[in-house]
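Look at the two complexes coming up: chain A is in both, with chain B in one and chain C in the other.
Take a look at the complex of A and B:
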């Protein structure tokens, strides 16, 4: 998976981890929900790609907040591992909700077919370039949100030191909801980008779950800039692996990267917190 | 009907074996292993290939399957020794996905996504299908009883006491002079060996194994079974797995009750029910139906 595209759901995963301190395995299904939301907007309503991406973000964000409130928030007091296990179960529920409504058939977006651009001995598909630009715009928007808005700053405060934040009167539950909306919304946005590159079906998100984890762990769990860096490294690693491994083993690169990183620097490249 | 019930009992027995295996690693040792499907797959493929391609007798292939699963469990335990909680969940889930990836892609070995069929079963050629099912049921439950008795005995041993101590506080166990890594490795090898045994039983009964039956749902099923029954108690693992089997089989008839649903919709509802019940159990009765007898003293609110 292309680094820029992978970075978006990886940032979402890490944003949720930073604030709520658990690995939310349901990001895969939320990404799938985003892909289906975008696909519905694109094919059924005839929206162009950019508004469809925004729809993917909004629907995934709302679905993520609702699902978290119903299933995971009551469990958070029982510890990170319990919540993580529950999030695996939540992912299965959401995946099957999608399957219940849309069935298993793979679907594609309404896209104009373009000839590849060539130059300097390289060639790139216009669609891939467009996806990468969309991913970079989404990341830029997130950085602006975290750096300049009140909600973004409070989110960083909670991620940094929850105790201090609560002493300052920050409502952790509300910030948790915002983190879920933004983080899982990004997962949905990323899910649609992935689907633009591959296809839309109930496993669209699950297929890239290992790569998302890998990007998040390599960059440092809970670190947003880390997720970007990790995603680009994993993206490049997966492409380079084609030189020595068959294409079907791309997914294994992520696992190897996770193992190596956790063995030598568990905090990740840009993370501060070790396990 | 008898055949259906017999095969149901075999699958229930396999679930019990998987739950027992996870109970050693997670219930006693406190190490989450979301790679269960991977060890199940190792056992199933090893047993299938050895008996089919090399003509090994089934008991020998089965033993080898246990050995291979336990060996890989040892490696994974050694590599992940420093990890716990959600980090360990990440790595073990990734391990299972890589095993599934290998099974789906190495056509020379595993015949890819088509899977391996025609795996020999015990006396399958001389018995009628009905007799075969009943024999498998007896053999499977014989293995279940042996494993259950052995592991219940083990749960009372000093070895299990150290595992429980490590589960509650690794540092304390280490300070008491226990070699934590060595205990972790042995617990993992034992637990994953039992998972491999479950895979071997499955493939010799079913006669067929393919990568798509090895997804994360298989692992989640077992996590649910164990949570339902109560982690830490071997009897809890047995009860939980049986309850789960009743639940999944009962939900099979959902399609008959609501005829408007398509088969895909019924299948998706059944999978969603598994997830929903797991979340409800975690919420309402996290200690399970048969909680471990000696709970730690609650000096502080649960972290």
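Take a look at the complex of A and C:
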């Protein structure tokens, strides 16, 4: 369940990486913005959860594109490392902008709470199952977008071979914007899913940043199916770690996964780009 | 003008005296090092507001013998790294004589050595026992009761409410282990037992696995030694996991916003405990007025006392250095002097040669040689319909 929720922002992270070739760490703050957008739609406007999730996607997507145009695109010619470092700074700025508008207090969605379903010594929460279904629907929608639409196909083309794509007359700037909108929109969608099961506050996205990055690295930077697989492995790994490690070391699972993967298979499970 | 070697020499020789001459009307500099953001972000802004208002109150009444108080604010982000950076700036750049308002124990622990090395007084609201055990040479004063005192009272409350098997879920803090040790001792003496503790990383988004393990031990009471963001998640997941036993949590975690952001069925029956301000004190009434609320949080009350005690200590010694505050703080906070509830009132008495004993918004403000407060009141609440209802205050 954790894995499915984690997979959505991890896919977003990898989609941006695939097209723009840099690790956008502002994804954490964009996820927070999505969570707050969904929360505003849900509590202030009284929207049900599904339209609120769509609002989270749209607002995060737009915020992501605007922030990227303002702060990151001018730096892209200076190289991936510069842009990545700038994205860390951008993330801090966005997080504090959220704090400025909404304050520090944790907030909850207007949502009925339910007891878990139990049986055979296991239990699962209705909310978690709904979150997992929402995550799967979002992933399916992304796969359809990449497989069947023109914009999706051009995005894949740029991801596969930017040189060839530009020779074919594909506008890299426009595709970059689409990738940002879709990728960071998914981050916002994922941020709201995380918040639905927990709460919304300015650190909502930051708390899952390491797990998102670990999922992306384990699955293979730039690989969308890889992000899904990585997210499930990290999600399950973090829960299972409690059997052998004290709970305070749970956060180390992500680091350990990154370390192992970079040592033995730097390209990730499904990644091609080891360089 | 041509600067000759002789004039340069003359200016150079005179420089220390110019500086000294200015020092007489230099303000008393106080650093407010509060958690404006991070897990303590609910408290920092109101603490800063109270610190500034307390300084303004003294300044408007003529300052400390004509000397104004200047407050500089820095954010700890409830994070030791940022706290240390903030403390460096306050001590090295702003040249403060005292730092007030460090909240998280981890931050206070990290900041304290910088303060005592620089002979700057540190006034804190952190509770971990370990803080006053540091080799601080008297440069730490804390107005928050230490973990041992808090846990003794909290566990006694559980015993009075017939708890037999207590399990603790604790955020990773410097007081998590000390807390559990004290709970175990008091439970054992009271005929029950503490059956285990899980210390978790509060940055996680879910604690389901931790909760499963805790509930596997079949506790009748859970002690949720949490901060506000993780408490909200714990309460939700405990409800989802079907737990119906008692829950006790520190008051600083069960903030009004946490209680109002959660569905009432999640918080119903939750017990919270907190060191209580002195509700009858005139200083408490002033803090109420500053914050415009009937129930100011205990930390805002404590920082009000910090500023007033510093002003009195400076008035008593006639000097603004951290060392002067260090030497005279207990001469104005306790002893046989006349009881006062504000610096302005106390400074008049001091000027007339009368001794004072400050008693503030947070309580009597009397300190042990280690810097711990000697006594204070505690309140216990039970949440009903999303609102805390007072059970006892003693």
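The definition used in the following text is that the second predicted complex is superposed on the first by the 271 of 275 C-alpha atoms of A that agree within 3 Å, B and C clash if a C-alpha of one lies under 4 Å from a C-alpha of the other, contacts with A are read in each partner's own complex, and residues count from 1 in each chain.
Methods note: a contact is a pair of C-beta atoms (placed from the backbone, for glycine too) under 8 Å apart; a residue touches a chain by one contact, two chains touch by 3 or more.
Keep in mind that what you see is a predicted model, and the values were worked out from it rather than measured.
Superposition of the two complexes onto chain A shows a clash between chain B and chain C. By the document's definition of touching, both partners, chain B and chain C, reach A:99. In the superposed model, A:51 lies in contact with neither chain B nor chain C. Touch criterion met: A:248 reaches chain B and chain C at once. Contacts of A:78 after superposition on the shared chain: chain B is touched, whereas chain C is not. In the superposed pair of complexes, A:88 makes contact with chain B only, with no contact to chain C. In the superposition on chain A, contact is made by A:107 with chain C only, not with chain B. Note on the chain A alignment: of 1-9, 73-81, 181-189 or 217-225, the part of chain B that runs into chain C is 1-9. In the superposition on chain A, the residues of chain A contacted by chain B and by chain C overlap at 96, 99, 104, 246, 248-249, 251. The residues of chain C lying in touch with chain A in their complex are 37-38, 41-42, 172, 198-201, 203-206, 208-210, 213, 228-229, 232-233, 236, 239-242, 255, 257-258, 261-263, 265-266. Within the complex, the chain A residues that touch chain B are 22-23, 25, 71, 74-75, 77-82, 84-86, 88-93, 95-97, 99-100, 103-104, 206, 209-210, 213-214, 217, 221, 246, 248-249, 251-252, 254-255, 258-259, 262-263, 266, 275.
Residues 32, 34, 79-80, 82-87, 89-91, 93-95, 97-98, 101, 104-105, 216-217, 220, 223-224, 227, 262, 264-265, 267-269, 271-272, 274-276, 278-279, 282-283, 286, 301-303 of chain B are the ones touching chain A in the complex.
Within the complex, the chain A residues that touch chain C are 2, 96, 99, 104-108, 111-116, 118, 123, 125, 127, 194, 197-199, 201-204, 207-208, 239, 242, 246-251.
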